[in-house]
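Structures for review follow.
In what follows, chain A forms one complex with chain B and a second complex with chain C.
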Partner chain A sequence: MDVIVAQFPLLCAATWLTIWMFVLVTAISTLLGAMLAVAADAFGAPVATPLAVYGWIFRGTPELIVLLACYLGLPALGINLDPVEAAILAFTLIGVAFQFEIFRGGLAGINRQQREAARALGMAWNVTMRRIVLPQVFAIVLPAWTTFSAGFIKAFAVASAISVAEIMGVTRRLMAISNEPFVLIAFAGAIYAAISSVLMIAELLTGRAAKFGARPVSPGKGGAA
Partner chain B sequence: MNWSVVADNAGLLLSATLSTIAISITTILLSVVLALPLAVMRDSGIAALRRVTAAYSWATRATPTLTLLFLAYYGLPQFGISLSPLTAVIVGLTVSAAGFNMEFIRAGLRAVPAAQYDAMRALGIPFPTGLRRLILPQAIPVILPPLVSNLTLLLKGSSLASLVAVNELTGQAMALISFTYRPIEILATVALIYLALNGLLLLVQRLCERRFPSVA
Partner chain C sequence: MDVATAVAAPPPILEAHGIVKTIGGVAILRGVSFKVEEGSVVAIIGASGSGKSTLLRCLNLLVIPDDGQIVWRGNEVGWTQGKAGWVRQKERHLLTYRTEIGIVFQSYNLFPHMTAIENIIEAPIVVRRRPRDEVVTEARHLLAKVRLSHRTDAYPHQMSGGEQQRVAIARALAMRPRALLLDEITSALDPELKGEVLAVVKELAIEGMTMILVSHEMDFVRQVADQVLFMANGVVCERGRPQDILVNPQTTELQKFLNAPVG
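And then the complex of A and B:
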């Protein structure tokens, strides 16, 4: 317990680092993923196929491997990144792969006839996208986007492996000067749990809102909540 | 590029791949075995059991797997429980995966119409027998798809074992990088192996879908 009290400012700084890395990565990867999904939708196979391969690679490889590639692999090509930069790059690469998939699904969920109708009415492609398609896409992807984000924050703990001073990274350092490792790690877990709980509550809310329209009959065991 | 580092260490990479597969399969089996009673307790008539299992589900889903793994490896010795790295990895990954799996199993159990539970009770069939012979066979088609599609996460999660000095695929990759200084060749090879293993899981998923066509 003493370590947590004495090193509280350090843990606060680590929490802050985790949060801003997560927010930055989420913002960039959502934007890029959405743009790439629109591009794949507009240009078809020549753009969609390489993106599908990209997505398959970065969604299927462990985060740790991507992190190591950015931190140890890029210097071999003459690109040197500090740990935080390498972590941001790695998580953005992974995030874009998932966001692309989420937005691709959202775009696929919109009836193509709507676009044909917009074109028949003389609406330009960019206007159709902005006024007709994207507002619906955002509504469709919201639950999946929130679910992904609630899980993604936890992946950032792996950044400690390349000595990023985020929550788990600082915890690993403090373990060296503490004789209560269990308490220390449990405290780190509690910080993550607090952050991801906020996202999990958002997930519940958006999921419920999305289901509200066409709620399937729940055959559940009555009563039991 | 100098791919001979991969060829020279093919044996090491192969045995590391086998460890990754072994860790993943052990975790899958143990986590399902642990998740089933948790799922049943989560909807049981006893409030205390419901609350404890709800807390377990929340805690394990809200905490990074790495944290749970570190709790098992670095945390437990504080109470005099020292686990070997491999045991700690399996405990950490299993505890984490059970949190997700119990939710899938619970959703499957709830998808069985309530009348079946009532009928079971009316016929005096004991709950364990009913669960095994009546409820589970109906719940499995609902449980399997999300369970199997989540296995990729478990496979990727096994890479965390490298951080407590287990020489599975990622651990072996780190070791090889540190004495060959060939990060790109080694990481590319290891990434390809993970992708190939994912391909295998996809195959398992297809088989499950064919064996248990979706009821939804």
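And then the complex of A and C:
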């Protein structure tokens, strides 16, 4: 345990770097993914098709390849990013691809008749989206969003490959100079697990509140009167 | 309406002239025309696939007809005078028209993330921009009218189909429409739940609400309708007062339809 105590400031800094990269990437990719899904829904094939191709590429490519492309490939185009910038770009590209699919699925899960009912009440497209469709979409996508995001934190360990000083990177460096590799690995694993646990617990708490939206309005047979 | 009083009658609130709609290469409506007097009830009957629901959606322009005119209180809707002649109005111009003519759907289509009263107050507040307090008070009256005061804060999935449909009627009424379209509003309900919904519609008819309804409930149509349109193959095949055409159908199509086993 000596190595953990001795290197505590370094490990703290690494944990902090991982957390803020993760929060930033998750925030941007959720926002962008949701907006692109709404755009694909609104404009149809001309927007949806290119986005589907984009999603197919970035969901099907290993994180390491995207990461190396951003760090080592982009300089060929005259774009030089430092390791942290390259990691944020790479994970955002991947995150947007997944979030787009998550929100596209959520929008598809809303009955078309909901929009018809809103139009019939005189609601414009933007009002229908904001008041009727998106609140229901958020309730629907919550489990998929949490599952993906909680799992996505693990991908950030790959950033150590381009010398980003996140948890895995620092752990590998310390393992080289320490004779307690198992303690270091267990500690790093615990931090990743802790971050994803926060998301999973948050889903349990908010999921309960959002449950009414996940239940469809069943036509026909009467429910509990 | 009797012939004797027709002379003094005001102009119709809604007129449809030669409505044509083709969807996916199938001619759903092939020239439908009729007039609706203010305060009257028009019932549209006909077999499944005869175009009844599409016609109803054309009337409030949820579905845009390919041809024909909809005249609402003397003005043609859906078109506007452009530089190079008449052009179709954009969706945002149609929204105002739709608030004047409410619709209730077969599958209720309540917003599942909102309680009964939230469903009712939503559009008056966000579309009409009326003050919330006033709208809430009115919504409570509407809930009482459809006998659902005890379900004010219930979510749709907590209510029976009949209760959901009555909330849907209250939601449409909250926009203070001048006419109401009812699209097979009891078709998805068990027999014991139909009665409570139909009772509400009968009350509206007595109060003088103009209604255009699609229904398979012939007894109900007989009781509330002033005019019945029988549709077949995308046209109005026969029309008249219920006591005439439902008793003495002239066309073989309507005879067949009325003799067909219900179910």
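Throughout what follows, the second predicted complex is superposed on the first by the 201 of 225 C-alpha atoms of A that agree within 3 Å, B and C clash if a C-alpha of one lies under 4 Å from a C-alpha of the other, contacts with A are read in each partner's own complex, and residues count from 1 in each chain.
Definition applied: contacts are C-beta pairs under 8 Å (C-beta built on N, C-alpha and C of every residue); 3 or more make two chains touch, one makes a residue touch a chain.
Given the structure is predicted, the values throughout are model-derived calculations rather than measurements.
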item	value
Partner chain in contact with A:Q113 - chain B first, chain C second, else both or neither	second
Contacts of A:G73 with chain B and chain C, given as first, second, both or neither	first
Contacts of A:I65 with chain B and chain C, given as first, second, both or neither	first
Most chain A residues touched (candidates chain B, chain C)	B
Contacts of A:P181 with chain B and chain C, given as first, second, both or neither	first
Chain B and chain C contact sites that coincide on chain A, given as residue numbers	219-222, 224
Footprint of chain A on chain C - complex, ascending	60, 62, 91-92, 95-96, 98-99, 102-103, 105-113, 122-123, 126-128, 155-164, 171-172, 175, 188-190, 193
Of chain A, residues touching chain B in the complex	56-57, 60-65, 68-69, 72-73, 75-77, 154-158, 160-161, 168, 171-172, 175, 179-186, 188-189, 192-193, 196-197, 200, 219-222, 224
Interface residues, chain A side, partner chain C - complex	111, 113-114, 116-125, 127, 131-132, 135-136, 139, 212-213, 215-225
In the complex, chain B residues that touch chain A	43, 58-59, 61-68, 70-71, 74-79, 109-114, 117, 152, 155-160, 162-163, 170, 173-174, 177, 181-184, 187, 190-191, 194-195, 198
